[in-house]
Every structure is written in structure tokens, then in C-alpha cells.
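Each remark here refers to the structure printed beneath this line.
In order of appearance the chains are A, B, C and D, and numbering begins at 1 in each one.
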Amino acid sequence: MTIETLIALVACGLVGIGLFGLIAQPHPLRKLVAFNVMGSGVFILFGALARRGAAAGLPADPVPQALLITAIVVAFAATAMTVALLLRLIEATGSASLASVPPDGDGEAR
Amino acid sequence: MSFVFDLLSIAAIAAGGLFYLAGTVGLLRFPDAYTRLHALTKADNLGLALIVLGLLFQADSLLAGLKLVLIWLLVMLSGAAVSQLVARAERRRESL
Amino acid sequence: MTVVVSLAVALLLLALAVWTVIARDAFPAVAGFIAYGLLLSLVWVRLDGIDVALTEAAIGGGLTGALLLGAVGRLRGTEAAAESERCGVGLRSFAMLLALAVTAVLMLCVLALPEPAPTVAPQVVQNLGATGVGNPITGVLLAFRALDTLLEAIVLVIALIGVWSLAPEGAWGGRPGLRHFSDPDGVLAYLARLLPPIGIIVGIYLFWAGADHPGGKFQSATILAAMWMLVIMAGLADSPRTDHRGLRGGVVAGPLAFIAVGLLGLASAGAFLGYPPQWAKPMIVAIELALMPTLVLVLALLMNGTPARDGDR
Amino acid sequence: MAEFLLWMAAFVVLMVALGLLRVARGPGRAERMMAAQLLGSGAIGALLLIGAAAGEPSVVDVALTLALLSAFAGVAFVKFAVRQDRQAEDDGAGRVSAPGRPRRSALEREARKVVQ
């Protein structure tokens, strides 16, 4: 098995682990961390595909790699935005609960 | 000549690996935070220092060598500062 | 042999990911995530993506970690409350099954990938000469797929506006977060005085190297933003007022200059973001230079968060 | 030579992995703060070795970036821990009056964040 196939398979595992955490963890911050794990799994999978595209003397296909750099920076921006939302939610309601307000629902988490 | 350099590299890097080993053993076996911190800084400073020293024998330009030394100095600096802060935080926590 | 290293890294990565997801408290989970981010840069090196490894080392290991730690510090006991919302065994096993199914399908797809793999690397190499840059990734970012980079810069600015818009009544335009204080003769202040000059030199070096070797504006901007944050965290400087005109100008200057260069291309080369021959490299450098302050400002301000106090005017 | 370097890189990664066990077990925050330190120096060492083995000089730049940013992450860890302690102390002060409590230290001032 080549290195990129090995790493690609690991990346699939990371996506699964992140997905599990995203659903099973109740706290929004934990969901955010899990989502980041999932996202990095997707990035690594994409990076492994880029490595498979090695040609013309380059060790990997540069187009997906360039997109990955963009993706990592955007993922940071999205994480920062989510953290800001979460902190504001805690400040405004004193809780980090994502459950709907009692009159609308029966406290079902997301 | 390059054979001698290779030997020196291997000796230094292997010694560096030993310090990483010692640091990890200390981290796992020592009884409290301060002694663990002591073990950790050995891995940081000496382990990395010996690896950098070993790689210096393989460096092919002055700039590459300087960068290696700079990395080591940076890790030393942050290691020294952060372990001081960790130890103080721990001491303060204990005195509460 | 090289497989052993990859295998060691891969197993450690999986273990850290599991720890991050199942740890009981938020702090160990975030600590695990920072470790995970540091390790990811090793993976990128194994995948021959040095440029990506640089970005990951700077953002995944540093900025995201510090951002999440800051958030954990402000959860104020909401964790215990969330514990009561922990979903039941049914949902947990459903999540487990779903995760396993997704992983299995992805793995099957990986194993069924076409041989030989599709690639555009030859086209990039063929046309790289026309851009005048030596690093193919910089070429892709600023010439072949420059539109992506432009949109990314705009997305960053929009994210920042989003973070600012969450400001409570009366704090709009004020300073974000809390004022940090530290002993001016303490260790932290010492580190925050010593490290930034080195960081600035390394940042500029990476920026300069980015034209021909791995590196570039994103990595460089992240380092510079981290150094600025270090100074703020050590209490040597306050976070900036978000209604400062120069600051706001700097935030939008990069995308505006990018668009201006694009329109110039429309006039001179007949396509938006097209570069006339011979002018490609100067125009690319101009975009990079203009984007640099924007990226530093936006990344640092995103770290700082929502304006929360009016500060001293 | 390259072979040896890669084995050493694997060894360093293994050592860091074992060290992380301590981090996972705790018991205190100090152990977890050491994580940033241990991982930083371990990842930097492994990166340098892998880079030298692959003959890829740019990997040194990644290690350099990591050195700077792990220092930053380390500071974030410490600030976090000190702040938590201060919160805990404030909570404690609200409930019990503790006459024998130590006076506020310089470090505490270091950690203090005040809303102006």
C-alpha cells in the first residue's frame, strides 16, 4: 500500500470520528472541535488525492494543494466566527444550550 | 570526511533520542508536576539540541545551519519561559 | 521503512482524534486538538505538501488552538449544564453507526480511485513560466486560480464583520475582549518582548521565500498575527479599537487592491484578473503586498473577537 | 543515513505519544500545559529529521514556524490555567472567608484581566 493510500484511509477514519463527536457531544464548543476534526479529515483526504496526482516533476498536484491552503484559512475564519457566536450566546442567556426555548419545543437538542 | 560527519551525526542524534526517551520516562514516572517539568525540559533542550547538532553536520549551507540553530534557540526560549509560568501556576494553585 | 513513520504518525493522529471527541471535559479535548493540529503538519510533510504543512503549523497548531482555549476559559460552567443534555444511548449508537457507515463508504471510494490519478500538474508546470514565479502553489493561488484567493480574502473580511456585528449595544466600534495585564518585569512580558522581533523576521522571510519556495502571504500573515496576539496577551498593548479608521482601511485595502488589479487585467489583458505578459510578476507581487496587511489584521482581529467594551477614547 | 534519520523520527514520535499518556491521565492542569511543550519540541525534532532524510530543506521552515507558534500556544495554555485558578479563587472567596489566604502574587496580577 502506498503512503498516500494509507493516509487517505486514516483520513476517512478522522471524518467518521469527527462526525460522531458532532452528533454525540452536547456542548457547542465540543461540536465545534469535532467539526474541525472532521474538516481536517476532509483536508487530508484531499491532500492525499493531490499527492496521487504527482506529475511533471512536481511531488504533488499543486492545484488542490493551493485550494487546501485557502481552505485551512477559511476554516479558521469560520471557527473564529462560531466561537464569537457561542461566547455571545453564553453572555446573553447564561447557558450554551442549543435547545429551543421552552415555549417552542421540549428542549430537544438541535 | 563525509563518513566521519555521518558518524558524528549518528552519535549526536542517537544521544538526542535517548534524551527524548529519558524525558518521556521522567514524565511518566516522576511523582509531581515539578519533577515532571524537570524531566520534560531535558527532552526539550538537550534532546532537540543534540538532534540539531547532529543535523548541523549534514547542513549544506551556512543559512541552513543558522536556521537550525535559530529553531533550537527559539524552543529553548519558549521552553524556559513556559515552564517557569507552568511551575508558578502550579505553585499558586497549591497554595490556594 | 518510510511506512513505519507514516504508520506511527497515523495511529497517533487517530488516537488524538478519538481523545478529542470523547474526552469528558472541554479543556482536555481542546488540549488534544492542539496536539492533533501540531501532528497534522507532520502528515502534510509526508504528503509532500510543504506549503500546506506551513499553513497547518501556523493556523492549526497555533491560532485555532489559542482561540479555542480562550473560548474554554469563558464557558463559565455551561459545561455541567450541557452534560444534562447529553443524548441517550439510542442517539449515540445511531451516531456511531452513521459515522462507521460514512467512514466505510469513504474508504471504499478511496480504494476504488482511478489509476492513473487525474492531475493538472503538467498544465501548471507548462504555464508557470508565464507568471514569473517559481513556486507552483503561489502560481496557482495568484494566477491560475486567483479568483479563489480573491473570494477567500473577501470571505475573511465578511467573517470579521460577522464577529464584530455580535457586539452588544454600545460596544460597537469598541475594543474586543478583555484587557490583559501582566507583570511588566515578568516572564510573560519578557517573552512577549523577545519573540515578536524574531517572529517578524521569520514572517517576512517566509513572505519573501514564497515566490520561489514553500511559503507565502498566508503563512507569513499568520505568524505576524500570532506575534501581535502575544503582545496583547502579555498586556504590553491593548487590543485595537475596531472603529479606528486606519484599521478599517487596512482591512478592506487588500481585497480592493486585488479587485483593482483584476480590473486592470480586464483593461489590459482582456480578462478579469488577467495579467498582460511581462507584467505578471509585478502584478502578483503587488497583490501579495496589498493582501499582507489585510490578512494580518483580519487574522489577529478574528482572534480578538467581538468588541465588548468602549475602552478609553 | 536517510534510513537512520527516519527511524529516529519514528522513535521521537513514539516517545511523544508515550508522553501524551501522562497528559491524558493528568492529574492536574500543569501536566496538560506541558503537552504543548512536549509536542512542540517532539514535532519539531521529528520534522527536522524527516526533512533531512528527504533532503527537503523547506521542511526546516515548517519547523521554524512550529517553534514560533508552539511558543504562542504555550502562552495561551498558561494564561488559560492562571485565569481558571483566579476564577476558582474568586468563587471560593465568595463562599468562605479565608483569612489565611496568601496575598495576591505578582503572577496573579499577570493573569488579571479587568474590564475597563
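Worth pointing out:
Keep in mind that, in the parts below, a contact is a pair of C-beta atoms (placed from the backbone, for glycine too) under 8 Å apart; a residue touches a chain by one contact, two chains touch by 3 or more.
All values derive from a computational prediction rather than experimental measurement.
Via touching contacts only, the remaining chains, with chain C excluded and nothing moved, are grouped as A | B, D. Greatest centre-to-centre distance from chain A is found for B, with centres as Cα means. For this pair, chain C with chain D, the centres built from the Cα atoms lie 20 Å apart. Taking the mean of the C-alpha atoms as each chain's centre, chain A and chain C sit 13 Å apart. Distance from the chain A centre to the chain D centre is 23 Å, each centre being the mean of its Cα atoms. Within chain B, the positions touching two or more other chains are listed as 70, 74, 77-78, 81, 85, 88. In chain C, the residues that touch at least two other chains are 2, 46, 63, 70, 72, 188, 191, 195, 198. The set of chain A residues that touch two or more partner chains is empty. Chains touching one another, given as pairs, are A-C, B-C, B-D, C-D. Here chain B touches chain D in the complex through residues 6, 9-10, 13-14, 16-17, 20-21, 23-24, 27-28, 33, 36-37, 40, 43-44, 47-48, 51-52, 55, 58, 64, 67-68, 70-71, 74-75, 77-79, 81-83, 85-90, 92-93, 95-96, going by the rule given at the top.
Partner chain A is touched in their complex by these residues of chain C: 2-3, 6-7, 10, 13-14, 17-18, 20-22, 26, 29-30, 33, 36-37, 40, 43-44, 46-49, 51-52, 55-56, 59-60, 63-64, 67-68, 70-72, 74-76, 78-79, 81-83, 85-87, 91-92, 94-96, 98-100, 102-103, 106-107, 110-111, 113, 117-122, 124-126, 136-137, 139-141, 144-145, 148-149, 152, 155-156, 159-160, 162-163, 166, 168, 216, 218, 298-299, 302-303, 305-306. For chain A in complex with chain C, the touching residues are 1, 3-21, 23-30, 32-34, 36-37, 40-41, 44-45, 47-63, 65-70, 72-74, 76-81, 83-88, 90-91, 94-97, 99, 107, 109.
Those residues of chain D whose C-beta lies close enough to touch chain B in the complex are 1, 4-5, 8, 11-12, 15-16, 18-19, 21-22, 28-31, 33-34, 36-38, 40-42, 44-45, 48-49, 52, 57, 60-61, 63-64, 67-68, 70-71, 74-75, 77-78, 81-82, 85, 88-89, 92, 101-102, 105, 107-108. Against chain B, the residues of chain C that register as touching in their complex are 187-188, 190-191, 194-195, 198.
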